[in-house]
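See structure below.
Order of writing sets the labels: A, B, C and D. Residues in every chain begin at 1.
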Amino acid sequence: MDDIIINFLEKPELENPIFIEGLPGVGNVGKLAAEHLIDEIDAILFAEIYSIYLPPQVLVDEDGVARLVNNQIYYRKNVGSEGKDVIILTGDYQGMTPQGQYQMTDRYLKMSKEMGVSMIFSLGGYGQGQMVDRPRVLGAVTGAELIQEAEERGVVFDQDHPASGIVGASGLLLGLGKSVYDMDGICLMGETSGYFVDPAAAREVLEVLALYIGLEDLDYEALDEKADEVEALASRVLELEMGSMGKDVKKEDLNYIG
Amino acid sequence: MDDIIINFLEKPELENPIFIEGLPGVGNVGKLAAEHLIDEIDAILFAEIYSIYLPPQVLVDEDGVARLVNNQIYYRKNVGSEGKDVIILTGDYQGMTPQGQYQMTDRYLKMSKEMGVSMIFSLGGYGQGQMVDRPRVLGAVTGAELIQEAEERGVVFDQDHPASGIVGASGLLLGLGKSVYDMDGICLMGETSGYFVDPAAAREVLEVLALYIGLEDLDYEALDEKADEVEALASRVLELEMGSMGKDVKKEDLNYIG
Amino acid sequence: MDDIIINFLEKPELENPIFIEGLPGVGNVGKLAAEHLIDEIDAILFAEIYSIYLPPQVLVDEDGVARLVNNQIYYRKNVGSEGKDVIILTGDYQGMTPQGQYQMTDRYLKMSKEMGVSMIFSLGGYGQGQMVDRPRVLGAVTGAELIQEAEERGVVFDQDHPASGIVGASGLLLGLGKSVYDMDGICLMGETSGYFVDPAAAREVLEVLALYIGLEDLDYEALDEKADEVEALASRVLELEMGSMGKDVKKEDLNYIG
Amino acid sequence: MDDIIINFLEKPELENPIFIEGLPGVGNVGKLAAEHLIDEIDAILFAEIYSIYLPPQVLVDEDGVARLVNNQIYYRKNVGSEGKDVIILTGDYQGMTPQGQYQMTDRYLKMSKEMGVSMIFSLGGYGQGQMVDRPRVLGAVTGAELIQEAEERGVVFDQDHPASGIVGASGLLLGLGKSVYDMDGICLMGETSGYFVDPAAAREVLEVLALYIGLEDLDYEALDEKADEVEALASRVLELEMGSMGKDVKKEDLNYIG
């Protein structure tokens, strides 16, 4: 079989679309954000990607129906007050090897180029190794000329603690996109502990993205509910750990879950 | 050399055959079931597969004769009261890397498509991590329309504990089979501890499969004998462990072998 | 670069040569035997093999001259009282991955086929996990018809403890050789502890091989000297270990070095 | 995408240039030396190399600008009193797999051959596992005829402790360069502990190289400053470790940092 198989359900004609990536990663921030956006704007699945670089397995739903692990690409025309066309990539897994990461990313970029993409937003989490009360959205860009626009939308470029490296699809889309396909790109990284899936960080990332595409009225209720569930779960884990340590610790004192 | 070499001993002409897979895996359930079926219906070896994705080794029999590790494919025409043609895949190993799993599975599917296969049965074990008294046969299917037929034959779709993922050839045959080759499939998984080879679970799986192909009179004696041997061995292991723990434990109390 | 590069220094015309392999492995038995044979019969280097499947490194001699790790193939016409032509493969390393093992072995077999080889001798060690006083030479063959001839030359086929699998080049040459190139083969495995390089086991292997090719007058002095050195070293290691255990242990009592 | 992409910014015409490699490695000695040389002789970047064999990531600078990890090749005409043309290879990483090491090195050699290179200098560190007061520059060459010239420039060929193997790009450039491309080469290895980046060892290596290309007036100030910083840092680490051990140890007594 071909190393990567793209199964097109439809070949949409789009006008200078922006490309948004949210694959699984730190805190699942990018994937949560991408999936929420897909739901809220009723984006349409147009391509499924199977690959030898993904795990050799099927996922089984609660009815017992199996489907091959894959990546999915959605589109939606005329989104938000800016009326932009968007393409959104999400999926079950990222490529499992360095070669797989490069080849899958390159395939997405090639397809994007053909569809007229010139701007990439990659969404992800930035693991801080401790609980984060008010997650900032850290940024990395393919060129300094993109920084001011990002800062105006709340993106933080922390010169004291710059993100020294971005590993995986979010990084490669920017790097290969710029170096090989001459596309601009920004990576939006929501701060997160890295210990839990983090819908709260995903909301922050999405709020920044919404400013870029003029989605002022995006509804975050589903994400907020998920965030409450995770918060409740995390609190219970903390209480259990505190109990076993025989200490009386206020939640506010905690900034690390071991 | 080619990454996968299929050495055809014969090219049988079959009529809409079903494809049955039983490669090594959890509890060796699938392989035990497939080999027993091959023996009982006198299936005929028609293809040997060598591959760089298999371990680089030979197996030596007790006489000292070595043979290269491989997979084997058998066929039999006009099986059971339904008079079905069947193809059975078994072998020494599964592909050792994700890429190997994908490429070998794809090759088997391509061959199957050419031979007219439209239905796949993949056989395997479902590791429960504890001793299983009466193994159920859990199922996963490529489409909801296959569930009723399966339940009528005793397959369990446990919505409380669905098999979240099936890794390896049994899963890929279904996933790639459906997504790329448009074939239907069902995975039959015999519950097993996962600590021993499990001929008893293999029998349960085979009994379900027999209902599909009308093999009412299948003889399970050889499997039952193997099951007795394993049972005896497992009991001895348990007694030794109990002794070393200095406890008086009834066998019925045990549901975990550490 | 090509995955495997064979640099021919010469293309000898040989008559139905036998192929002898002695690459690094358990106790380095195969390599020691092959190198000793090369020295004693003044075999001529005719091919060097470089490959991406070998480690990415150079070896540096004591003068400071570096050379790329490789495999080497030698030949000699009209050897021994039988007047046989022989090809001998040795080298710095075996292929480092399963794919590398398969591809390099296949290349050697393809070359051998073109040169008229129909019989392969692969030489190696059989790790017993304990010190071996009088190493036997265990055998594995590609067909039962080769057993009697081997037993007449002292090869042991131990039905109680058959070599269940032979991993690496020695096994693959037999397995691929038989299945894909229709060549006969025998693997000669000298028993060895597996803890030290073992020139004594190499001598035993070579003595059997010598009977096959009529090399009655082969000189083993260099191998015996190496064996004495290793024996002395091993004894010192044993004494040190015994001393640290504060025990008075006779050397004869030892059959295991931890 | 191609496994290796060379993006030429310029195709300089050079006259029998020498090829100098300084990629990351032990103590980062080679990379520090190559980068210092590039700075001091104002070498010009003419090629960037991207590859699936490099890590799938971008590096982000303190402003937040991301760039894909890569290797870079510089050139400079008419360098030093000898008036030599030079090519200098450095980069973020070496190839991450054996195959990647081979393929990237081969590509650099192929390009070098086309540009007229006949002599390679690979620069690196030689890890001694203990602090080194006065780092020697150890050598390995592709042929004995290169030794005298090297010794005259201070390179040490330590017959008592020869570098038994050189792993990675520095070794492969020599090995593949000689065996496949018939180029001469020398590897200059500055002794270093292996525990810290080592600008002092880089200076020693560069001083030897400078004698080869007649760069008598090379300024080492930047390297010396870095060396002082590392020295200060290392001393502080040592003091901390000594303190925690509750011992009074003179710095001169130290030759090992655990």
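Just so it is clear, a contact is a pair of C-beta atoms (placed from the backbone, for glycine too) under 8 Å apart; a residue touches a chain by one contact, two chains touch by 3 or more.
In this text the structure is predicted, and so the values were computed from the model without any measurement.
In summary, the pair subunit C and subunit D forms a contact in which the copies contribute largely different residue numbers, shared numbers making up under half of all those used. Rounded to whole angstrom, the centroid-to-centroid distance between subunit A and subunit C, based on C-alpha atoms, equals 54 Å.
If you average the Cα atoms of subunit A and of subunit B, the two centres end up 38 Å apart.
In subunit D, there is no position where the chain touches two or more neighbouring chains simultaneously.
By the definition of touch given earlier, these chain pairs are in contact: A-B, A-D, B-C, C-D. The touching residues of subunit B, counted against subunit A in their complex, run 95, 98-99, 101-103, 105-106, 139-144, 147, 157, 159, 162-168, 171-172, 174-176, 178-180, 187.
By the touch criterion given at the top, residues 1, 5, 7, 48, 50, 52-70, 96 of subunit C touch subunit D in their complex.
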